[in-house]
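What follows is chain A paired twice: with chain B in the first complex and chain C in the second.
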Partner chain A sequence: MLEALVSAFFVMLDPFRMGMLMAGVGIGIVVGILPGLGGLMGMALVLPFLFGMDPYAGIAMLVGISAAVPSSDTFPSVLMGIPGSSGSQATVMDGYPMARNGEAARALGAAFSASLIGGLIGAAALTALVPFARPLVLAFGAPELLMLTILGLCMVGVLSGSRPLLGIIAACLGLMLGMVGGAPAAPEYRWAHGVVYLFDGFSLVIVALGLFAIPEIVDLLARGGTIARRGSGLGSGWMAGLRDTMANKYLVVRHSLIGVLVGAIPGMGSSIIDWLNYGIVVTRASDRSRFGKGDVRGVIAPEAANNAREGGVLMPTLLFGVPGSSAMALFLGALLIFGVQPGPALLRDNLELVFVIIWSLALGNVFGTIICLALSKPIARLTFVPFQYIAPVVLCIVIIGAWQETRHFGDLLTLAAFGLLGWTMKRIEMPRPPLLVGFILAGLVERYLWMSYSIYDWEWLTRPLVIAIAVLCVVLMFGGTVMKGRTLRATAAPTSDSQSAPQSAPQPTAQDKPDA
Partner chain B sequence: MTRFWTPLAAALTATATLMAAGTAKAEFYEGQTIRIIIPFSAGGGTDTFGRLIAQHLGRHIPGSPTVIAENVTGAGGLLGSNEFTRVDRDGMTLLTASGHLNLRAFLGLEGLELDLRDLDPVVASPMGHVTAIHSRAGITDGTEIMQMEGRITKGITDPVGLIESIVTLEMFGIEYRPVPGFGGRGDTRLAFERGELAINTQSSPAFNASVLPLVEEGTAITAYAIGFIDPDGNPVRDPAVPDIITAPELYQQIHGEMPSGEAWEAFKVVANLVQNTRGTIWVHSEAPEEARTALRTGVDAMVQDPAFIEAAASILEGYEVISGPGLDQIKAELNAAPEEILDWLRALMTDRFEVSFTPR
Partner chain C sequence: MPDAPIPADRLQRRLRTAFVVLVLILALYVVWSAGDFRRAARLFPQYAGAITAALCVLELARQLWRRRHPSPMVLNTADISLSDEERTLDGLRRGMGVYLWCLGYGGLIAMLGMVWATAVFVPALLHLRFRSDWRITVGILAGLGTLMWALTLLLAVRLPQGWLAPWLPVPF
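Right, the complex of A and B next:
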């Protein structure tokens, strides 16, 4: 194994392959920055050029894309409150308030350094777990996956902040909207009324852009001025962000590991991992008062997890030929072009290729983060440019991002409809993340419930892992209340991991309060 | 004067006509762009096949047109294939369909406007399938397939997309328990390894890569290959897995006679229709004669090209593309499929899985 690890490194040192890896990183950064486009789009763009290319170079390029996207998609999430791709939705929660407080560079510095460490932990974990990945992946059958999705739904409370009832209503609305289109376990179309466009349901990308991008653009334009509401400099800069990450190193490692493990389970999409990690960091924190208003821990946790995830999703992809994410489905197709059949036999027959992938992942993360760090200062200045100058460009990019989903007129109508819904919710201070979580999980809960019952009848309820996750759900729901009591009691004593919150921003409801 | 000019004029006219005819015939696609609609997302098997053809076909067609592949995705191929029914029949737009999209069109799935009777195949590629049984079903050999124990679960993705394996189970008369909700065959493979599913059918290359190791370690047994059917109705071994017995042969071993009845007739239709057209490039039958001839000429030249053969080897995974007379046979089999068997297939899908059809 060690031998293959070393020989794969020398395979990668070839200038052409390194060049292709860098090209992949470059493409990944661009599609990551553009809202609505993600790794899937980046890979689809280069797919036609793979025919006839050196397999190692082609694979390095694809892995480079998937390594760079979760770093660069932080830019729009932090700077404009627009998710850069579906894996960075939760970064908006605290990253954007930080930018509005004039701390964009600090948020980006923290995000990229957490991304880098997360990505390296992901690659290392993939190397270490390759021999053990099979039992991990096999431990999660339909009932266990069902419980994980229910765990995700339990995050709704955490994501609702101080308005739990409105949050639950939003989550129910999300569940309802998630049911539109082809049913997950029966050949029927729900609420499609014969409209072929609705057969696939609403696209997650368009829903997220509508909910977060459109209301932000509208309100910023209505208010006038710049994105950052105070301060004239970039805050304490990205070095402060680096220090934040170092101060929270335990957090970075914990969420990187969660990212890898959950990523390794097929059926858990990138947005679920993102929200799950955000929910966990909030629940586990002793001082929760700053979350949603610009707590740097709310940036570090999901960013470490979403880069580490890329190591996780490769496990089922390579070992079982089961795509761990939608971008990995495309990666599988690319392997086919090179005549590689993923499966258990790959580890036995072509270990070198597996390690080329791991090296590409690690190197891609390093290059990607360095480039993003270098870009962060100039790009963060955008938050100090009067928004009316950048709004047309942002709006165009958002519309193109939505349009590339199916290139059907319905894409634009859906964007407009969800934009209106998001803007209304923002006005009435209804939290939007629960809607998104409900929307993402609607189909999965139904699918896994059907599968669990069809396979095990009611016996699935007695499986040990199912019970364990159920207990975790209960702890998550009621633990919050207990924690709150503890925090109240401990207000006098400052806690160890709350140094991140600056004392200069006493805005009570920065996240959802309209400014006009 | 007249006497002098007439033959000359005639000769000139004749030459001009000949030249015109010559240029028109050779240059139908000269300077043109052929667009291949791929109704599935990038990276899948059908997409890869479509892109392979798009890359190699252009330079072999007389006039060397530019060939571009375009993914028009949505609703399981519905949006892209419906768009194909609305374009001009000028030979400038082709469609890449999967075997199962072809079958959906053939049976008349609700919402699908494509009608295979209006189309001609340009080139196609086959793909066989193999069924394995998990060892928890308590059998050690394919011949014991009728004595499986416990919950005989089979994962269902899209029922029409699994029709060849479902019809085969009907042919054997195996009582199984469908488990709906799976995203793809890869997901069923994983649930099969966990023992959640007792029966699992994979494409032959996927079987070799990821199910065969389970057979070797004793978690699963190989039951049968679906196999192909020759023009006389006899089973033919799957070239990717020539050592695995085909379903009709296994039936004969168990029962001492070849299968018969509607399920067998349906099997013969489905096994070839789905498995011979795993990837199919279609052109409208109403497209100009020159266009269809030029495309066929291009394909015939392409399959001889070493560059194409090399690129195709890894993508087609042990099979060869179907061109020339093989395409005529696909068309003939489509036309020959008895209407009552199609009704039987529709009834099977509707009764068991509630799939709706609008037959034409």
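Right, the complex of A and C next:
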């Protein structure tokens, strides 16, 4: 185990892999800063260019994006009162009032340092879990893995929107779209209707780009104007922010651990974790008078949890092959592209890769924080660029990315069709991440179902662990729905009541932007 | 007399109902058409389709019940992405207009290829829709040209070639 940990570190020291990690961090920072774009879209954008690349480098790049977004999305939250992603909504509550009080630099300094510590705690927790989880995971058979996959589907469906039933329907729609093409368990092409392009099914890259990139581009262009109003600048007080984090070190550790634990439950969106931690820090504080008016603890707690969550969401993703979030669903897809089977096989055959991912997460957090601190001023200016100038570039990359799949005009047609589907779903507030998760897991679910059925017939349903996971599934579905409802009700009141909250806070452009 | 505008939430509700009905039809089609496959290929589609259809029926019943017993909306911090104005029919039309622009770009790519389509689409979008400054347009075009050149040169990325590509000079 220790040997794999050390060897993974040396694997990561390769200049090309470090360069790709840095590139990922850079992309993550840009997509995190621009409300409307996000980690999922960033990953979707680079995915087509990863084919044929060294798997370690490609995976480092994706983890770099995922590690940097929770840090950089703080910029718009603090400077403009617009959450850069769904995971930085609560930061607006105190970060923006601090900026309006001329303490933007202090808020950013506190947020970045808390994010860094949170991210490192997340990576450490993931490392600590692997030795304990390995024997357990290796004992799982196809029926248990099937149930875990179903658990992931249910949780993502239930927790990614305000209407759980719609979320699960979206996941089922994803499953059905994932069935098109060759059947995994039989030599048969399904619903291809003789169209050669459909024999391999829809491409994950195109589905992800269509569902998440096209709708954001369309809506931001339709809205027009700049992404954000001009703020009052960063001011000074970086060191004061760092000192705030040090002064609240127990708070940082506590909320990082909460972030890891809650993040490990599949489907717990970053917004839930963000608001949950904000709620906890407010209720546990002895002096609550400054919350909502610029209390630095209201910035530190959600930011620490937000970054630590990345370690948490990787746990079910790597250990069980169940995506912890929608971005992790795409990451799971990327692993499959590289020929890596997540879950028990990964822990058994490729432990080094697991540790490469953990190192990438830790290093990505460090690099992301350093870059955010060093380039704060120019980075902040990006948010003032009118979107119509960014849109052609993003659209161009999306189309070129989609085209790399098969270099067939079917790629562009599929992109347009899934773009329309994603845009429609966004319009009717139907959660899109469950659809992607369902699409990615369709093959796995079918394979596990067929294996379970052909080995055990329907008796697999009576296996103790299967029943236990089924019960867990039901409990978590109901528990998750209740918990989410309570979190939303608890946070709805301060959001609407708070006079100091910015006008734009309840209407982020980044919002159902999938958990980044 | 002009039609009264449809309230945003009602429009959204109607669209949502239509969407669920479409998914229901798709699920029933999956269950029905999967019957032709061999057992290993039809087991999962039939179960998944049947479960989806049942869930759609449940959702439609829930929507019907909600219509008769309305309840105040709970603020959902996770998926508020559209302003009230964008939820209206006008907002829908505007979004659809931009989507058609993107489709037009796709059509141009199919005709002219990526490079020439971009050279036509970007100035058209920025000038006809956003009344942008020419200098900015030229700057963006230069940036995009460099990006495409770099992608083809450094990552050996292939760009879409249109039907008219054989008759058009392509710089890279």
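Keep this in mind: the second predicted complex is superposed on the first by the 270 of 516 C-alpha atoms of A that agree within 3 Å, B and C clash if a C-alpha of one lies under 4 Å from a C-alpha of the other, contacts with A are read in each partner's own complex, and residues count from 1 in each chain.
We take it that a contact is a pair of C-beta atoms (placed from the backbone, for glycine too) under 8 Å apart; a residue touches a chain by one contact, two chains touch by 3 or more.
If you're wondering where the values come from, they're calculated on a predicted model, not measured in any experiment.
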Q: Could you say whether A:A334 touches chain B, chain C, both of them, or neither, answering first, second, both or neither?
A: first
Q: Spot which of chain B and chain C makes contact with more residues of chain A, would you?
A: C
Q) Touching A:W450, do we find chain B (first), chain C (second), both, or neither? A) both
Q) If you stack the two complexes on chain A, which partner ends up touching A:R407: first (chain B), second (chain C), both, or neither? A) both
Q: Could you tell me if A:T462 is touching chain B, chain C, both of them or neither one (first, second, both, neither)?
A: neither
Q. Of the two partner chains, chain B (first) and chain C (second), which one does A:M179 touch, if any: first, second, both, or neither?
A. second
Q. When the two structures are overlaid on chain A, which partner does A:M430 contact: first (chain B), second (chain C), both, or neither?
A. second
Q. After superposition on the shared chain, which partner residues are touched by A:Y197: those of chain B (first), chain C (second), both, or neither?
A. first
Q) So, A:M43: does it touch chain B (first), chain C (second), both, or neither? A) first
Q: Go through the superposed model and pick first if A:P316 touches only chain B, second if only chain C, both, or neither.
A: first
Q) Can you pull the chain A residues that chain B and chain C both touch? A) 185-186, 188, 407, 446, 450, 454
Q. In their shared complex, at which residues does chain A touch chain C?
A. 49, 86, 89, 160-162, 165-166, 168-169, 172-173, 175-176, 179, 183, 185-186, 188, 190-191, 214, 217-219, 221-224, 269, 271-272, 275, 386, 388-389, 391-393, 395-397, 399-400, 403-404, 407, 409, 412, 415-416, 419-420, 423-431, 445-446, 449-450, 453-454, 485, 488-489, 491-492, 495-496, 506-513
Q: Would you tell me which residues of chain C are touching chain A in their complex?
A: 12, 15-16, 19-20, 23, 26-27, 30, 33-34, 37-41, 43-45, 47-49, 51-52, 55-56, 58-59, 62, 74-83, 86-87, 91-92, 94-95, 97-99, 101-103, 105-106, 109-110, 114, 118, 121-122, 125-126, 129-130, 132, 136, 140, 143-144, 147-148, 151, 155, 157-160
Q | chain B partner contacts - residues on chain A that touch it in the complex | A | 43-44, 47-48, 51-52, 137-138, 141-142, 182, 184-188, 194, 196-197, 199-200, 266-267, 316, 320-323, 329-334, 336-339, 341-346, 406-408, 446-448, 450-451, 454-455
**Q.** Residues of chain B that touch chain A when the two form their complex
**A.** 41-45, 47-48, 51-52, 55, 69, 71-76, 78-79, 82, 111, 151, 153, 158-160, 177-184, 186-187, 189-191, 193-194, 196-197, 205-206, 208-210, 212-213, 311, 313-315, 317, 353-356
